[in-house]
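Naming follows writing order (A, B, C and D), and every chain is counted from residue 1.
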Amino acid sequence: MKKYMRLARLPASIFALSACSTGLGGGADYDKMFQDAVTASFQPKGIATMDYLKPDSANNICAAADVAGKPLDDKMVQAIEAAEMKTIKMPSDGKFLGDWKEGERIAQSGRGLTWTDKITDVSGGNCYNCHQMDKKEISYGNLGPSLYNYGKLRGVTDPSGAASKPIVEYTWGKLWNARAYNACSQMPRVGHKGILTEQQIQHVMALLLDPNSPVNK
Amino acid sequence: MADPMRIRAALAGDETTVRVLMAHIMEPGTRRDAAGALIPAHFIQDVDASHNGKSVLKAMWTGAVSQNPFLSFKFKGAAKGDKVVVKWVDNKRDTRTDEATIA
Amino acid sequence: MKSTRRSALKATGAFATLVSLGLVTQSQAQAAVDRASFSVKTLDDALKAIGGTPANSDQVTVVSPDIAENGAVVPVGVTSKLPNTTEIYIIIEKNPTPLAAAFMIPAGTAADVQTRVKMGQSTNVVAVVKADGKLFSATKETKVTLGGCGG
Amino acid sequence: MRSSEAIRLAILAGALSAAAAASAQGTTAEGIAKYREMLQDGNPADLFDMKGEELWKQKRGPKAATLERCDLGKGPGVLAGAFTELPRFFADTGKVMDLETRLIHCMVTIQGFNESDLYKAAPSIGRGEGANLVAMTTYLATQSRGMRFNLPQNRPEEKNMYEVGKRLFFQRAGPHDFSCSSCHGVEGGRIRLQDLPLLTKNPGDGVGFAAWPAYRVSNGQMWTMQKRLNDCYRQQRFPEPKFGSDVTIALGVYMGVNAKGAVSAVPTIKR
C-alpha cells in the first residue's frame, strides 16, 4: 500500500508527453507502414468494432518497447503505473468478496468480447488460461504465476478482518487494473476495461481469498 | 456427392493392414445450432470392406464416431496387387465406394 | 476404497466362473446387434443389447489415451487374443448413447480394430468382444481435458 | 438388478487397475504427448490433400484450364520448395504474396475466375470455392513437406513486410490488451494445456509457422495460415483482418523469416 500512495502522487506529465509518439525505433517509415496496414486490413465484425483498435497510451508505449527490444526506463514505468492506478475503483457497495463458487465458474470461462460473442453474453475471466488456481484442475496455463493457495500463503484467515485489509485491497486493485502495479503486464485490465462486472470481480476475489475456496485448500 | 476415401493397404508377412479415412460430417443429431435448433443426424451407419468379393470387415457406426472417420484393421490371405474395396452407407442412404491396391 | 475393490474383484471372479459355466452367456452365434441397440441410454442397456454380461478378460485390450486433449477425436483401439473372436463393440460409458460402434470380424481378419470416437466428458471406455459365442470385456479410463483459449 | 450391479463392479475393477497404471505412467504432459502421437496415424488432412491435388490438375473456371502452370515463386509448375519460401515478392503483381493469395492470383489469371468473388468465398473454409482453396492450399503446402523454411528477404518490399509484421506482432489493443506476443512471446508458455510456440525466433521443426496448414480435430476443419491468423485475432479480441490483407501477409513474413531453418511438417493434426 505504501507503493500505491507513492505512485499515485507522481505527476503524469512525463507520461502524457511520451504517449504522443509511438517511438517504434528504426526508420519512421515502418511505423507509418504499420499504421497504414492496420487501417487497410481490419474490418469490424460483430461486437468487435474498430473501437477495439483505438489508441491507448500504455499499450502503445509497451508495444514500442517490445519492438525496440528494450525495457522501459523507470520513469516511464512509474508514469504508466501512476496513471493506471487512478483508474481503480473500489467496490461501490464496499463489499470485496462474493461467492467463490460463482468465482470458480468465472475463472473457468474464457468466453466473451470476441466477434463471435454477443453483446448480451456473460464474459468469463480467462483465469485458468494463464494461472493455476484449484489444484484439482489439471488444465491450467502458465503465462501467469500459480494462484494456488493465494489467500492462504498471504495469511488471510478472515478476509473481512482488519489484518487482511491491505491484501484484500491490493488484490481488488490488481484485478481491476494490473497495469497499476506492473506497467506492461500482459494481464487484462479486468475492471478498468469492463471485462468483468464489479459483482463478478467480487466472486473472483472470493475464489482467491475465501479460506473455504478450493484455491486455499 | 461425397468426397473420396483415402485407403491405404499394405502387406507385411501374411497380414494386410488397411487404413481408411472417410470424408464425412458424422453429425450425431444431438447438437444444436446457434439458434437452438437441433442439427439433424447425418452419419455413416454401415461400413463393409471386402477382398476378392469376400467381406473382410463389417462395421456398424453411430454419430459417436469422429468426423472424417478413421478405421484400421488387419486381415490375412491377400497378395500384393490385390484390391481392397471399402463401401460406406450413411443414415440418409448416401453411399460411397472406393478401392485401393495392396502394396 | 479397499473393501469396494475387494468386492469388485470378487464379483469379477464370480462372473468369470458363471461365464465359463455358460450360465450367463447368450448364444447368438452370428449376429450383429440391431440398429436400435445404438440408441440405448445406459451402459447396462448397451450390454443387454449386445447380449448379456461380459466377463473381464486380460485377453482383451482397449487402447485409448490416458488423457485426451479434445473429446471430439479420441483414438480407440480394441484387440482380442481370444480365439474365434467374431464381434467387437466399443462402449463409451458416459456418452448419452454409450454404444458407439460394432465390428463384425470374419475368419481371416484379426480381432484388432482402431477408430476415433467422441467423448463428451472423462469416461470409461469399455470394449466388449464376442469369442466362441461368449462375451468378454476390458475397460480403460480416458480423461478429457479442456484445450486452449475460449474453453 | 443384481446383475447390473455386478457389471458395474466388474467394470470398476478394470478401471481401477487401468487408473493405477495410468498414474504410474507419468504426468499430464506425457499423457497429452501420447494422445497427440496416437492421432498422427490417420490424419484426415490427407483427404484435403487428395481433393486439392484433383482440383489442381482439373480443368476449371471460365477458361477451362488447369493450374499446373501456376508460378508459386520457383517458376511455372514448380511446387517442391515453393511453400517454404512464401510469402515472397512477385514481380508480376508488384506485391508480397502468401500461398493463398498467390493461388487466387493463378485462378484469376489462368482459369479466369473473378478475383473479388474468390476473396468473398475464401473465408468460408467449409463450402464452395472457399473449401476448394483450402484443399489446394493443403496440397500445395504438402509438396514442400520435410523442407526447411527459407523466406527471401532480398527485396525492400519483403523487408518492409517483415518490419510491419514485427510491429503487428507486438501491437496491443482490444478490451483485453492482447498482442500476438501476449501468448507467443515467451519460451515454454502454455494456455490451459496448449503449448504455445515462441514466434519471435525459430521455435523448432514442425512447430508454430512450420505446422500449418493443420487439421483441427476440435471442429473437423482444415485450417490454413489465413484461417489460423483470423482466429488468433478473434481470440485476441481484435476486429477481423480481411482475407489476404497486408496484416496477414506481414505477419506471415515475420513468422516465416523467424522460422528460417525449421522443417515444414504439413499437413499436421492439432487439437
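Going forward, a residue touches a chain if its C-beta (ideal position, glycine included) is under 8 Å from a C-beta of that chain, and two chains touch if they have at least 3 such contacts.
The structure presented is a predicted model; accordingly, all values stated were derived computationally and were not measured.
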item	value
Identifier of the chain whose CA centre is least distant from the whole-structure CA centre	D
Winner on C-beta contact pairs when A-D is weighed against B-D	A-D
Separation of chain A from chain C, taking each centre as the mean of its C-alpha atoms, in whole Å	48
Centre-to-centre distance between chain D and chain A (centres being mean Cα positions), rounded to whole Å	30
Centre-to-centre distance between chain D and chain B (centres being mean Cα positions), rounded to whole Å	27
Approximate Å spacing (C-alpha centroids) for the pair chain C, chain D	36
Per-residue multi-chain contacts in chain C, two or more chains	67, 72-75, 114, 116, 143, 145-151
Touching two or more other chains - residue numbers and ranges from chain B	66-67, 70, 72
Overlap residues in chain A, where contacts from two or more other chains coincide	114, 126, 128-129, 138-139
Residue ranges of chain C touching chain D (in the complex, touch as defined)	4-5, 7-9, 11-12, 14-15, 24, 43-44, 47, 53-56, 63, 65-70, 72-75, 93, 114, 116, 124, 126, 137-141, 143, 145-151
In the complex, chain B residues that touch chain D	3-6, 19, 21, 23, 25-26, 66-68, 70, 72
Chain A - residues contacting chain D, complex	24, 26-27, 29-31, 33-34, 36-38, 40-45, 48-50, 52-54, 56, 59-60, 62-63, 66-67, 113-116, 126, 128-130, 138-143, 179, 186, 188-189, 193-195
Chain B - residues contacting chain C, complex	15, 28, 30, 45, 54-67, 69-77
Residues of chain D defined as touching chain B within the complex	41-44, 46-47, 50-51, 215, 217, 220
